[in-house]
Amino acid sequence: MEIENLDHYSQIILSLAALVMLSSFIMLAQGRLLRLVFVFAVQGFMLVSATAIAAYSFNNPHLYISAAITLALKVIFIPWMLRRHILKLNMHRDVEALNNKTAIMMGGASLVVFSYYVLHPIMQNSSMVLLNALSLSLAVILLGMLLMISHHQAIAHVVGFMSIENGLFFAATVSTNGMPMVVELGVAFDVLVAAVLFGIFFLHINSSIDSLDVDKMNRLNEVDQ
Amino acid sequence: MIPAYLLLLLPLLGILYFGLLGHKEDVGKQNIRFNGVTLLLSLWLAVNVFLSGTILSTDQYFIVDSFNVYLIVLTAFVGFTTSIFSAPYMAHEQEIGKLTANRLRLYYSMYQGFMFAMYLVLTTNNMGIMWVAMEAATLATVLLVSLYRTPESIEAAWKYFILCGVGIAQALFGTILLYYAAIQISDVDNALTWSVLYENAKLLDPEILEIAFVFMLIGYGTKIGLVPLHNWLPDAHSEGPTPMSAVLSGLLLNDALYAVVRNKMLVDGATDSHIAGYLMMGFGMLSFLVAAFFLHRQKDIKRLFSYSSIEHMGLMTFAFGIGTPFATFAALLHMTVHSLTKSAIFVTVGHAAQISGTQSIEKIRGLIKTQPQVGWGLLIGTLAIAGFPPFGVFASEFLVLLATMQSYPWLAPFLLLGIGIACAGLFRNIQPMVYGEKPEGQQAVQANLWPVMIHLAIVLWLGLAMPDFLADWFTQATILISGSAPL
Amino acid sequence: MILFLAYAAVLLSFLSGILALLMRQHCSVIKWVHYCCTKRPDWQQCLNNWLEQSVYPQRIQQLSFICLGMAGVFAMIAGVGGLISEQAMTAQLPLGLPWLPWHVRFDSLSGLFFLIIGIAIFAVSCYGPGYVKGNNEQEHPFAVLGLFSGLFIAGMLLVLLADDAFFFMISWELMSVASYFLVAFQHENSANRHAAFIYLIMAEVGAIAIILAFGVLASFSDGGAFTFDALRNASLSDTWASVAFVLALVGFGMKAGLVPLHVWLPEAHPVAPSHISALMSGVMLKVAVYGLIRFSFDLLGDIQWQWGVALMIIGAISALGGILYAMMQPNLKRLLAYSSVENIGIIFMVLGLSMIFLAKGHPTLAALGFVAALFHAFNHALFKNLLFLGAGIIQHQVHSLNIDDMGGLIKRMPHTSKLFLIACMSISSLPLLNGFVSEWLAFQAALQVGVLDDAVLRSLVPVMAAALALTAALAAACFVKLFGMMFLGLPRTRHAAKAEETQDKGMLFSLSLLAGLCFLFGIFPGLMINLLDNVALQLLGHSLPNATAAGWLWLTPVSAEKASYSAPIVLFLAAIAGGISYRYLRRDPAMALRESETWDCGFGGLTPRMQYTSSAFTMPFRRIFSKVWIIDETITKQPGTMPLQVTDIHYELHVNDHSWPKLYQPIEKSVNRIARLVSRMQTGNIRVYLSYSFFTLIFLLWVIS
Amino acid sequence: MNVLFAIIQTLLFIALAPLLAGWVKWCKCHLQNRRAPSLLQPYRDLIKLTHKQPVVSKDASWLFIIAPYIIFSTTALAVSVVPLLAVDLPTASSADVIVLVGFLAFARFFLVLAGLDVGTAFGGMGSSREMTISAMAEPAMLMAVFTLTMTASTTNLSFAIDHVLQEGLVLRPSFIFSLSALMLVAVAETGRIPVDNPATHLELTMIHEAMILEYSGRHLALIEWASQLKLMLYGVLIANIFFPWGIAETLSLSVLGYGLLAIMGKLALLVVVLAISETLLAKMRLFRVQEFLSFAYLLGLLGMLSHIILEAAR
């Protein structure tokens, strides 16, 4: 099935998926925390739009609820919270120096290819939208992990973590029209609690090591000095 | 089904109760009572299942079969005995000023929260809920790990949080894939219902399920502590309060493994390739061997035993991976004896650390001379966990070995190598702690060692003569998991 | 019936352990007594008095040892019963795994080892009360000692009863673990802790090898069953049978202390309390021999001659190595432990010979070798027990185990010294004592090598026989030295000069009992050999046809023409010869002895320091066999004012075993190295951890698709 | 009848041993251009010693006093099982050749303990050296003996000698080796030059003498006698095993007389060989003795191997 033959909704969803992935790439290369959080919010927004469109096109009302929750959590609450912490801890001027940015970007690109490679064989019987959407959400998940591996600010880690959640959410929405409601709610609850806990931890970490650099948290190691 | 609901309800009440009233004097005793009642409920449930077979709730959200009911009883039991231990332990911690009353409130509230999450993981019939509950268990315990608010404990909690969070996210992706495979064959409402999926497992797309299983294994495997996803585990065990380490080692790891096994049952139903089994065997063996070597270089007593947990979880994963009835039986038995023994050990370890005021192995000395019960408890517990007969760990390890011999004889030497190295690793650290003269100024502490004795007695009993009803129970679970009875 | 006696022995030894646990529970015991005897106040009163606070610990100790002694008696009776009865008795106990209850079997082989253990624990139970009397209850609680002694003995007995691999392993490990605690009993010495650690680890490794051996066998058995019956019926290819045999050899050899797997033995045996050392050295090693016999002769069945050769060579190395190492030890109990290595080597050598004969189709000769090996095992249990128990008495008196701290004890401790002398003579295999008979039988077996048609074997066996001869001669040298240094000459230290004969009748009785048995079986070996014949008959299907064909006086293992030995006649003749010479030369009362100073070459004043020390005594051996040890010898001279004048000479000698640096240190090092490499994984950086999980995911996805 | 004969033969053996020692001395003196003592001198020495009051160190224990009797009687026991005049010796079946070695070991055991008993450096030195040499010599001796016993397929000396006798003159290469081995061992075990010098009292070289330094009177007599017995025992072993001709096969008086003459002749010849070698050779350093004995062991081994490979090959 070629892309021309798809309906417009699907085309939009696919485009949004591509944009979500693109935002992941932007986050990957982003050294400034405020911008990182902003991009994250944008990603969340694109996710919400995709969900809403999917809800409309599949005529699946409970996806609206998901979209609403996501909007509240990932576009508003979490970015707000992170931003507040950044400002409070006076980190908005820090620029994280990323080593080997090119290599990371290349790695990210190959992850996208890899996602296709992994999911392609099992998706041969299903629609192109699904294949693309699932592969892209897997790529987002992997890129989120890569983000966490390459950044060493705790806040960046939270953003990475949340973008993984975004990827999961996108996968759930697009490929399966959303998980059962109970599960959605449960997941949302977990994300909320996690977000709150992250906030608490920022304070603790900052008070214990005087920064949010995770590289400085290596007291618990077993390597010979 | 009523006991199951009550079982879930009571810890939920517990969260609220301790959240509100947890700063009271006799809060430790209240906790014991709560857990005691849940233990009774779990036994009630067990009797029901034992008499009438698998129970499925009418809305299909909950299932209690012979596999999970025994884990429920185990969870309730270890939760109960650990609460007995934790009462004087936490009181002592408060006395010496390591904790405030508010933190204690948090501790008891989250203890119940953790128990709730565990019961939910075990009883739910919905793979999505299982995931949610598993994540909830992380969330409940992460604050307990950082309870002391030392830099180390915060670091450990952060690592625990991030690594398990990221890990478990993979499991969610796996669940989504499973869901995707399921909606092809079933209606949306039941697409994540395990019992339905299990019946129709043959219809599921094997390729999707295999990929889904990889994600699940990585996800829940992080919680099991499989090498190389284990890194959070020793940190979290060593820095949290000891009762927490006991339940983490004794329960959380088991339940994560339970989740993996549930998924494996689906994958095995869908495909004949046994790929899930091979993956689990590979991970299990790797964890088993690597952890055995890790034991040799530990400086912290709780880290030591957390690596031992990794080792044993590896062994169980390996045994479930083999998948023959024999191996499954062995793995179930090993789950039981490991939980009991390991939580008993953590109890003694907690007291040992209180006696000497540190967790550093180098500074803990002469326990037998200072407080014989603690010293002997630790020593005998270590013997048991190292797989010396007549304790039950030996019986289960023997069975695992037997199963390995039958299916993959060339792996048996590695297994034994691991056991030998682990034994050496444990004892080179334990011996100096328990033996020898006591250091200046070391004092005995108030300790309640009944949990240790009860656990070790049960483990001994299992090793010497497994009671028939328990054997039947295990056999039923084995039939459920692997399709036929051992011998 | 016999089986019940055996159970009774096991249960009594358990009971003895549990009684010991009551050591500190005076109050609760009294309460319990009150509760039980409420209806009989007179009993209550009586028991109350008997268990009075001040004597309570002694009562408990006595009770515990009485139980042990009864266990010994029952074990002996059961053992003899098992040896006599032609049928093996079997039973099942409702314990163990759900589908594998504990299988019990009591045949003549088990019976023999029951007898050995029974004698040993009976002797120990007579000896024990006197030995533990001096212990400080706070420092070394009897509860621990008694409990683990009981468990240890029960474990050994259960090993002999076991008839399935699972039960066997449980009892085997019970034996190992309990003895581990006994080794660690006096744990404030770092040497004890070290020894205990090595012991435990090696026991574990050995057990692992045994499990593997069983596993190999089981995987060829019908349905992978683990009962010995199923294992017996397993049909293996030659290669797999050899694999199983090698694993069993490693496993049981580890426990038996074959060189180079012996390193734990000289560490662990000396540091345990003496009566436990006696059990470990005299009896536990025999249980390992039992295990190997059970495994190879009984379970594997089709013996291959290569195994025999392997056993013979390893046995010869152990025997020679053991005795040479023993010779250099200044520590009495270490010396005895090494000598156990030697004796085990001899037993294995002879077993190997028996295997060769069996594989080559000469079952009667195989039975000869087999009986010789078993008889030596029996004898070794007797005299090694005697030696260790004697060592315990001496340690109490001299407060040291260093041979060079003793001397002149023959005059201070006349009874102990006589009994010790008998043991020394027996272990040096001098005629008229039991040690000689088993070696004689071994030589007889070796000399029948002519029947083999393989020239290589035919030339190998005599070389082994010569090694056996060398071992015997070296053993004689070693024990002459031991006895000479300990009991003869002048006392070398204050403690030795003040030593006194032990007043405890029980201790002396147990020593006399063992010495008497050494002598009895030296004079009437036929008594034992007839019993051992049953074992050979049951296990090999053949026995010695003519062992006592020429009458009870004679021992003719092959035939009267080929070889014969009559200890009673020899004793009779010796008595005549000795009597005549003594009578003849002592008949004149005027010729009584005259006492005088020792001749001192006119320099005056012989001091104890001028005597030969044990290291001086063994110096020629040290030079001749210098490659066997790692010898670290330093002489420091303090030069005086005049040229060539030396005011002070300090001599230091350390003799060590090769196997430690050559075999064990590399293993230890490599484990440590791998552990160090592995622990690099735990870097402490969360990003590294994340990348592990990331790459694992990528890798697995790649693998799966 | 047989028993009576065995007793007589043993007594004869014991009685003749000093004569052999006298003969050795006599030969050596003549070879070394010295005036020889009478052949009966050893008897006179023994009698004299027996009538002296023994002096015992005050540090000695009962072991020291009892040891000479034990040494003498076990050595006597050892000689009682060696066929001297006739092959049909009843005692030979109660103790075979291995027991014979055991008897010698028994005697040595007590000799060495006696040496250690008083607590002088001499005693310790002698004991240590004696044990070293015997430890090396014993396997060599057994190797040599085993060749014989395997050829005759019996360890009973009487039967073995009978077997050699029945076979007639067979030149066995293995016997040549064993003979040489046994001779070397005999030299070492009886304390002759070049291993030990029975006439020395120099502490650097003493072995046997060092151990018995404290003995006097009848004790010394017994020990001396025992060592003379031992010398004769080895002589008889060599003579009768390897050259059994002349030994009586029946117990008639004439045959026995002939046997006695034969054995005396053989022993006399052997002693001449011994005396010549003692005159020609110098005593070895102590640590060369091991080479000497390993050579003996090697010869024994060669004898064994040549028996197995050349003579018993199938």
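First chain written, first letter: the chains are A, B, C and D, and each begins at residue 1.
In this section, contacts are C-beta pairs under 8 Å (C-beta built on N, C-alpha and C of every residue); 3 or more make two chains touch, one makes a residue touch a chain.
The model shown is predicted, which means the values in this text are computed figures rather than measured ones.
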Comparing C-D against A-C, which pair counts more contacting C-beta pairs? C-D
Determine the centre-to-centre distance between chain A and chain C, using the mean Cα coordinates as centres, and give it in whole Å. 69
Using mean CA coordinates as chain centres, what's the gap between chain B and chain D in Å? 78
For chain A and chain D, let me know how many angstrom lie between their CA-based centres, rounded off. 100
From the C-alpha centre of chain C to that of chain D, how far is it in Å? 36
Set of chain C residues in contact with two or more other chains: 676, 679, 682, 686, 690, 693, 697, 701, 704-705
Residues in chain B with touches to at least two other chains are numbered 158-159, 162, 166, 170, 211, 234, 294, 297
What are all the touching pairs of chains? A-B, A-C, B-C, C-D
Please give the residue numbers of chain B that touch chain C in the complex, ascending. 158-159, 162-163, 166-167, 170, 210-211, 214-215, 217-218, 222, 227-229, 231-232, 234, 275, 279, 290, 293-297, 368, 383, 386, 388-390, 394-395, 398-399, 401-402, 405-406, 409, 412-413, 416, 419-421, 423-425, 427-428, 431-432, 435-437, 463-466, 468, 471, 475, 486-487
Can you check the complex and tell me which residues of chain C touch chain B? 94-99, 166, 169-170, 172-174, 176-177, 184, 187-188, 190, 193, 196-197, 200-201, 204-205, 208, 211-212, 215-216, 218-219, 223-224, 226, 671-672, 674-676, 678-679, 681-682, 686, 689-690, 692-693, 696-697, 700-701, 704-705
Which part of chain C faces chain A closely enough to touch in the complex? 676, 679-680, 682-687, 690-691, 693-694, 697-698, 701-702, 704-705
State the interface residues of chain B toward chain A in the complex, per the touch definition above. 61, 126, 128-129, 131-133, 135-136, 139, 142-143, 146, 149-152, 154-159, 161-162, 165-166, 169-170, 172-173, 175-176, 179-180, 183, 188-189, 191-192, 205, 207-208, 211, 234-235, 238-239, 294, 297-298
Residues of chain A touching chain B in their complex? 118-119, 121-122, 134, 138, 141, 145, 148, 154, 157, 161, 164-165, 167-168, 171-172, 175-177, 179-180, 182-183, 186-187, 189-190, 193-194, 197-198, 200-201, 204-205, 208-209, 214, 217-220, 222
